[in-house]
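Structures given as C-alpha cells follow.
Both of the next two complexes hold chain A, though its partner changes from chain B to chain C.
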Partner chain A sequence: MLALFALVGGLLLGCFYALFAMGLNLIFGVQRIINLAHGDVVMLGGFLTWDLYEGFHVSPILSALVALPLGIAVGFLFHRLVLPRLDRARDVETMSLVLFFGISQVIEALGAIGFGPNERSLPTNAIPSHPIRFLGETFPAYLFVVAAVAVPLLALFVLYLYRTPLGLQTRAVMADPREAQAVGINTRRIAAITFGVGTALAAAAGALAIIVLSGVQPSEGADLTIIAFAIIVFGSLGNPIGTIVAGLIFGVLSQLAQVYLPAWSNLVPYVLVLGTMLLRPEGLFGRRTRVA
Partner chain B sequence: MVRTSSPRKPRARRFGLGALSLGALSLVAAACGSSSSSSTSSSSTSSSAPSQITIGTAYASSGSFATSSVPELDGLKLWISLENAKGGVYVGAYHKRIPVKLIALNDQSNPSTAGVLYNQLITQDKVNILVADFGSVLTAPAVTIAQAHHYLLFDQSGTGIPFFTPGNPYIVLCDLPVSSIWPDPLANFIIDHHIKNVAIVYGGNDFDGSQAETLHAKLMAAGVHLVAYEEVPTSTSSYSTIISSLAAQHPGAVLELGYQPNDTAFLQQLESSGVHFPMVFTVFPGQLLSLFESQLGKAGLQYTFTYGTNFFNTYTNVSEGLPTKAFLAKLSATYPSAVNTLGLLGYNTGLVIEAALRNATSLSQLALRNALTEVSGHLTTVDGTFAINSEGAQVGELLPLAQLFPGSGNTVELKPVTPPAPSIASAVYPAP
Partner chain C sequence: MPEHSASRVDTSRRPRLLNEALGVLVPVVGFSLALHVDNNELLLVYMMGYVAMAQGINVIYGFTGYLPFGYFGLFGAGAYAFGIGVTHLHWPAFADLALGGVGAVAIGVVLIPLFRLRGAYFAIATLAAALALGDIVANPALTSLTNGPDGLNLGSVYNSGEFYVSSVVLVAVSLLAVVWLRNSRFGLSLRAIRDDPYAASMMGINVPLRRAVAWLIAAALAGFAGALYAWATSFFYPTAVFDVTITVLALVFALFGGVGTLWGPTLGAIVLYSLYDIVGVTDPQAFQLIYGLAIAMLVLFAPRGLAGIAAGIRNLWLRRQEREVNRATA
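Right, the complex of A and B next:
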C-alpha cells in the first residue's frame, strides 16, 4: 500500500531530518543564534563524504563518524574566534542573522570555487543497495541505512544532553543563561562546546544528505537551512525532543505529499512554518521555548 | 529720389539661402536618424562600423543548472576565440571583420537573478547580441524582457513551447528542436512497439512541461493509456515513493522528464529500489553521458533510453564553422571539461550568430532576425541543419531516440534506435 510505504519511508527519512535539524536547534537553544550557515555545513559534510569515497573508498557511514570530531573542532574554534564579538551586540539574535548570512554566502562561494559547479553523487553501491522487504512492501536499502546511522547518533546526543555533566550544564544554559552563570557554569565554554556539537551534528547529517538527496552541490545550503528551520520551529525552538518528533512528522508528511500531492510536495516546510505560526506559535512541545 | 536696390532681391536671396539651409539640415537629420525598432547600441544607420560586437549572456556557475550551463558557455567562448583569432566575426553590413567581446553574467541558477541580468545587459551594457542561459527555466525571464526591449534573443537550449508565439519575432531557438516536436521519436517508438501503459513524471517547468504536453497529446491520440501523468517540483530529489507508486500501476514504460539532478536522483533511487520497468526514459544521460556514467555506472544506466544528440554524430560537410572532428579537437584542447553535448550547443549558438551577422543588412535586431529566416534550411553545422519556423522555433536539428547499451568496463554506449541517425541500432525492449 502506498500509504504504508510513505509512512514507513517517511519515518526512516524522518530520522535523518531529525539529525539534520538538531544542530540548528541546539545552537539556537544555548545562544539564541540563528545559524543561517547550517545548511552550508551540511553541504560541506556532503563534500567531505564524497571526497573520502572518491579518494579512499571510505563508506559514507564511516564518513559520518569522521565528520563528528572534525565538526566539533571546527565549530569550537570558530566560536572562540568569531562569536565573542557577537555576544557583545545588543540584539544577538538579529546580528546573528546578519553574520551567519554572510558566512553562508562565503561558504557557498568558496564551495563553488573549490568544488566546481557540478553536482557530485555517490555511486549506488557506495552503501548497501539491495532492496529490503518490510511489512509486505519493498523499500530501497538506503532508507534503512540512513536511519541506522541517524538513530544511534541521535541517541548518543540525547545521552550526552541528559546523562552527562556537560549536558546538564548545557541544559542549564538553555533554560536560563544568567542563572547558569550565577551558579558558576562557564557559559562561554558551554556555548563554544555546544556550537562545536551542533556543527558536528550538521556535518554528520551531510554524510547522509548526499545519499538522501542523491548528490551534493555548493548552492544547496540555503534550501537545507529553510527545511531545518521549519522543523525546529514546528518542534519548538530550543527543544531537542521536539526536534526529533518534528523531524519524524516532517519525513512522513513529505512522503505522503509525494504520493497524494506530488506537484506541491516542496511546499511542506513552508506550510509547516506557517501552520505553526498561525495555530501554535510555541511549537509542538512548548508552552515555553528554549526548555530542554 | 534714387532707388539703389529693389526690395524683392534681398528677400529672394534670403529665401533661397533659407531653403538651402533647410534642405541641408534635412539631409543631415536623415543621415543621423535611428531605426525605430532597435536600440541605440545596435543601430547601424550610422556610417561607421562599431569597434567591437558585444555579446551578452547569463550563465550559471553554481546551482542545479551549472553542470549544463558552464560547458554551454565554454562552447560559445570557443567560437568567440576562434573568430577573434581571425580578426573578429564577419559583419556583412560593414563588409569587414569586427572583434567580438563577451559579457557573461552569473545568475547562480536563479531565474529572478537571470531576469535582472538580462535587463542589465540590454539597458546598461547595450549589447549587440543577447544570448540566453541554458535551458527553459533560465531562458524564460529573457523572453519577455527581450520582446519588450525589441531585442532578438538567441535562445540556446530553451525549447519550451510557450516561448514561441505568433507576432513575436524577437526570439530564435538555436540549438535544439522545439519541445512540440522533440519528443516525436520517443512517442513514435512507444506507439510502434505497442506499449499500452505509460507513466510520465515531469518537472514543473516550461521545458519538462512542454515535453510532457507533447507526449501526452501524441500518445493519447494513438490510444496509449497513461497510467500516471504526474507533475513534481523541479527541485525534487526524492523519488522512492513516486517509484513505488508507479510500480503499482505496472507501466510498460516510465518516462521521467527532468533536468540532470532529477534524472540522477530518479535513476539512482530506481536502482536501489529493486523495481524493474520494461522501459525507462530520462532526458539528460544523452547530453552528459560521462557524468551519468560516473554517478550510476553500467548497472544503473544499461538499457535505459534517452535522447540522442548530435554530439554523437559526425558532420564532415558543414556550411558554417568547423566539421565535427576539428571542432572536438579544438574543444578538447581549449575547454576539456566542456567536451559534451552542451559544449557543442554553445559553439553552435556562435555559428548561428555568425550566420546572422554575415547575412544581415544592418545590425538592427530585426535585420538579424530576417537574416536567420533567410539562412533557415541552408545552414548546416556540427549540430545538424538549422531551420526555424515563423515563430523562431527550431524545427531542424532533429534528434533520435537512443538507448544505452552495456559497454566495456563500467561504461555504456549510446546508440540511436530511431531516425534521424546515420546508423540505427535495434532497441532492446523490454529491458532485461
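Right, the complex of A and C next:
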C-alpha cells in the first residue's frame, strides 16, 4: 500500500527533519535571529562526514557524534567574535538577516573552493543497506538508520533543554530575555552557548543529510535553510516541541507528495511556509507572545 | 532598517536640487555615450539592469524598510513574461517588454499579502515565493508554456539598438522614481511608515496602500530589467533568471552605495558590477566569497554604505573647521 509506505517512511524521515530544523528554532528562540547560514552548516556537516568516511572509514553514524563538539566550539566562538558588533546596528533583526545571508554566501563559496562544486555521495555500503520489512511493506534500510540516529540525539537535546540548569536558563531567555537578565542570568553567555548548540545540531543533521539526500553539494545550503525555516514556522517559532511535531508532519507530507505528485514534490516546503505565514502565522502550537 | 537621522534632512534646498538633477542626468548621459568608450554592449545592458534593480531595492528597502530576498523572482517573472510574449503571442518586442513589466507587477500583486508579516519574515517569505516560482517555471509539466528546464530561445526579436535605448530609459525611470520619493509627500509618508507605522496610520496615512505602491514600483523595475535581460541575452535557462545571486548583487550594490540616497545604488552598481565582470565571470566562487564577505563587512562596519562613510568624513571635516574657527576667535 502506497499510503502506508509514505506514512511510515515519512515518520522515519520526519525524525531527521525534526533534528535538522531544531538548531534553527533554538537560535531563533533565544535571540530572535534567523540563521540563514543554517543550511550551509548542514552542508559542512555532510562534507565532514564524507571526508571522515573516505579518509578514515568512519561510519556516518559516528560522524554525527563527532560533529557535535565541533559545532558547539565553532558556533560559540563565532557568536563571541561577531555578534557583539551587531548590537550597535539600529535594526538588529533585518541587519542580522543580511549578515547571515552574507555568511551563507561565504560558506557556500568556501565549500565550493574546498570540496569542488560537484555532488559527493557515500557508497551504499557505508551504512547497513539490507531492505527491512515492516508492517508488510519493504523499506530501504537508510530510513531506519537515520531515525535510529536522530531520535536519541533529539532525546538528548530535550533532556538538555528541560532537565539541566543550563537548559532551564536557556528556556528562561527564550521566554523573556529581559526578565531572565533581571533574575541574574547571563543572557549573553546563554546566547553564545545556544548558538553553539544550534550549530552542533545542524552539523550533526548534516551527517544524516548526506544519507537522506543521497549526497552533499556546496550549493544546497539555501534550499535546506528554507526547508528548515518552513518546518519551524509551521511548528511555531520558539517552540522546540512544535518543531519535532512539525518535522514529523513535514516528513509525511513530503513522502506523500513524492508518491502521488512527484513532479511537484519540491514545492512542499515553499507551500508550507507561505501557507502557514498567511493563514496561521503563529503556527501549529502558537502562543500569544509570538512576534510576526 | 536603514539609519536615518536629522542630519540627512537638508536644510538648504538648492544644492540638493542640483545634486538630484546631476544624479539623474550624469548616469543617463553616461550610459547613452558609454558605447563609444566600451563596446561590450551586453555588459552595459546588464549593468543598467542592475542600476535599475539596485534602485528598486532602494525604493522598497530604503523607503519602507522591507527587504525582499526574493527580488530575483520578479526579475525572472519579467524575463519569462517577455519570453512568453515572444514565443506564444508573437507580439513585437516593445509590447513584450511592457508584458515583462506587467508580469512582474502581477506577481508583485500576488505577493502583497506578505506585507502582513514583519520585516525578517517578509524577507524569507519572498525568498520562498521566488524559489517556488522558479521551480514552477522550470517544471517539466509546464513545458508547453515555459519550455520547462530547457530555457527559452528569443533570437527572433534580437535588436541591439532597441534594447540598448530601452535600458537607458529604464535607468532614467528608476532614477526619477527615487528622486520623486525623496522629494514628494508620498516619499515622506513612506519614511514616516518605516520609522513608526502606528504613528503614521494615526496621522491618517493609508499604510498598506502606500507600501503596496512602493513595492509595485520596485517590482516593475525588476520586471523590466528581467525583460531586457531576456531580450539582450536571447537564450537563457530558468536557473539563470531565477537565481538568488541576482538579489545578492542588487542588494550589495544598494548597501554598498547607501540606501535612501540617489547616487549610492547607482555608483554601487557601476563600480561593483565592473568588478564582477572582471572577477566573477572567470572565477564565480572567488566572486561569491568576496561578495559574501562584502555583505558581512558592510553590515558590521559600514551599515550606511559609501554615503555613510562620506557623511562621516564630512562631519569630521566640519568639526575640524569648527575647531579652527574656535581657536582663531579665542
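Everything that follows uses one rule, which is that the second predicted complex is superposed on the first by the 288 of 292 C-alpha atoms of A that agree within 3 Å, B and C clash if a C-alpha of one lies under 4 Å from a C-alpha of the other, contacts with A are read in each partner's own complex, and residues count from 1 in each chain.
Everything below uses one rule, namely that a contact is a pair of C-beta atoms (placed from the backbone, for glycine too) under 8 Å apart; a residue touches a chain by one contact, two chains touch by 3 or more.
Everything numeric in this text was worked out from a predicted model, so none of it was measured.
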| item | value |
| --- | --- |
| When chain B and chain C are modelled together on chain A, clash or fit | clash |
| Contacts of A:Phe285 with chain B and chain C, given as first, second, both or neither | neither |
| Partner chain(s) touched by A:Leu143 [first = chain B, second = chain C, both, neither] | first |
| Chain B versus chain C as contact partner of A:Val82, first or second or both or neither | second |
| Which of chain B and chain C A:Tyr17 touches, first, second, both or neither | neither |
| Partner chain(s) touched by A:Tyr53 [first = chain B, second = chain C, both, neither] | neither |
| Which superposed partner A:Leu274 touches (first chain B, second chain C, both, neither) | second |
| Which superposed partner A:Ile226 touches (first chain B, second chain C, both, neither) | second |
| Which superposed partner A:Glu108 touches (first chain B, second chain C, both, neither) | both |
| First, second, both or neither for A:Asn266, with chain B first and chain C second | both |
| Identified clashing stretch of chain B versus chain C [74-82, 110-118, 308-316 or 416-424] | 110-118 |
| Contact residues common to both interfaces of chain A (with chain B and with chain C) | 108, 112, 117, 223, 263, 266 |
| Chain B-touching residues of chain A, taken from the complex the two chains share | 2, 5-6, 9, 13, 108, 112, 117-119, 121, 123-125, 129-131, 137-143, 212-215, 217-219, 223, 254-255, 258-259, 262-263, 265-266 |
| Complex contacts: residues of chain C adjacent to chain A | 1-3, 65, 67, 69, 113-114, 116-121, 123-125, 127-129, 131-132, 135-136, 139-141, 244, 248, 251, 255, 285-289, 291-296, 298-301, 303 |
| Contact footprint of chain C on chain A as seen in their complex | 34, 36, 82, 85-86, 89-91, 93-95, 97-99, 101-110, 112-113, 117, 222-223, 226, 229-230, 263-264, 266-267, 269-271, 273-274, 277-278, 281, 291-292 |
| Complex interface listing, chain B residues touching chain A | 60-64, 66-67, 69-70, 108-109, 201, 204, 230-233, 235-238, 240-242, 244-245, 248, 260-261, 264-265, 268-269, 271-275, 291, 294-297, 299-300 |
